[in-house]
Amino acid sequence: MLRQSSSRLTIRASRPGLTEFTEKVRSFVADSGIEQGLLTLFCRHTSASLVIQENAAPAARRDLEAYFQRIAPEGDAYEHDDEGPDDMPAHLRTALTATQLSIPIDNGRLALGTWQGIFLFEHRHSTPEREISLHLVGE
Amino acid sequence: MLRQSSSRLTIRASRPGLTEFTEKVRSFVADSGIEQGLLTLFCRHTSASLVIQENAAPAARRDLEAYFQRIAPEGDAYEHDDEGPDDMPAHLRTALTATQLSIPIDNGRLALGTWQGIFLFEHRHSTPEREISLHLVGE
Amino acid sequence: MLRQSSSRLTIRASRPGLTEFTEKVRSFVADSGIEQGLLTLFCRHTSASLVIQENAAPAARRDLEAYFQRIAPEGDAYEHDDEGPDDMPAHLRTALTATQLSIPIDNGRLALGTWQGIFLFEHRHSTPEREISLHLVGE
């Protein structure tokens, strides 16, 4: 019979950019005892986002960070700048990536591909604490 | 025991850009009586999309609208222009943002952060009626 | 009573860009016998992605492919290039589009709009085999 489980993760990046937290998600799935199902991650912020990316090559992470700095730069003139020059680019980079990700669970494991990791994409320099809401349905 | 509920919302923006409809989604969740679960919103169009953004600062909305006008502009030469110069940029802006969003429900409430609102992102000047399919699973 | 079903699709694009696979997804949903529910597609790769787009106009597909080639071009200097000049742009285009999509099921059918098709967005020239994990919950 189907059941569900939910939780919250708190993550604080040590610097802006990509911080992998796949292992924390794996622990939640393992603890639930659910073998087949669907896991959903939801980022409760508008200046940080979620992304599934290459988990092996640090250079790929740096390129990805540099790319988003380039296409949604801080130097641009934004009307909304009360919270500083990194605030509006943070909203734009959030809109361009993902606030939510759902990943199937197969045989008790996340159905991630070999090279896929789950990352928090922190867009603020101040790297505040971020809350990720988790939901799992399955059996 | 888990159960599900589904519905459709019809939204017509009064102008292109972001139109918040968080309250309509809240009403659907409240009416369902589901306390813990997962809500999914699906936009049934390829020239309008969904985005979770800053719900308090109108300037942030204007900056976000201006940004997408700039990175997927109408002035560009597109092969697909039968429906007018705003059609192909609409498809591009849809691909860059989201067609679907899932949000956990905790204690009968959407797990949105304090500053998160749910927006229809209308990309056509004609602002046609848009249909959002809703699905909720939980108990 | 709610139940779930899961599967994997293998897709190999014949060329880089958009390859529609809506019919394969429809078959999975029909075979499941589920009338109301939620289908999730998850792409198990970081250099290919998912997108819901215009299913009728080939020109719209070509414009969309050209757009992503332009905003995340191969010509740029990337630090991560061990796997060739198309590798890093593939990661960027994946981050800009979607790795996962969830679509409600209404009356045994995907709740897609009239013009919406489900596409694999292949970003590598070598068009390797791609695996899509499917999950369906409903009744």
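So that you can tell them apart, the chains are marked A, B and C in the order they are listed, and the count of residues begins at 1 in each.
Keep this in mind: a contact is a pair of C-beta atoms (placed from the backbone, for glycine too) under 8 Å apart; a residue touches a chain by one contact, two chains touch by 3 or more.
Being a predicted model, the structure only gives us computed values, none of them experimental.
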{"item": "Cα superposition of chain B on its sequence copy chain C - rotation in ° rounded to nearest 5", "value": "120"}
{"item": "Homomeric contact chain A-chain B: same or different residue positions, threshold half", "value": "different"}
{"item": "Whole-Å gap separating chain A and chain B, where each centre is the average of the chain's CA atoms", "value": "20"}
{"item": "Interface hub residues of chain A, defined as touching at least two other chains", "value": "1-2, 71, 96, 98, 102, 137"}
{"item": "Complex contacts: residues of chain B adjacent to chain C", "value": "1-4, 6, 40, 42, 44-46, 71-72, 78-80, 82, 88, 91-92, 94-96, 98-100, 102, 131, 133-135, 137"}
{"item": "In the complex with chain B, residue positions of chain C that touch it", "value": "1-2, 36-38, 51-54, 57, 59-60, 62-64, 67, 71, 96-98, 101-104, 106, 111-113, 115-116, 137-139"}
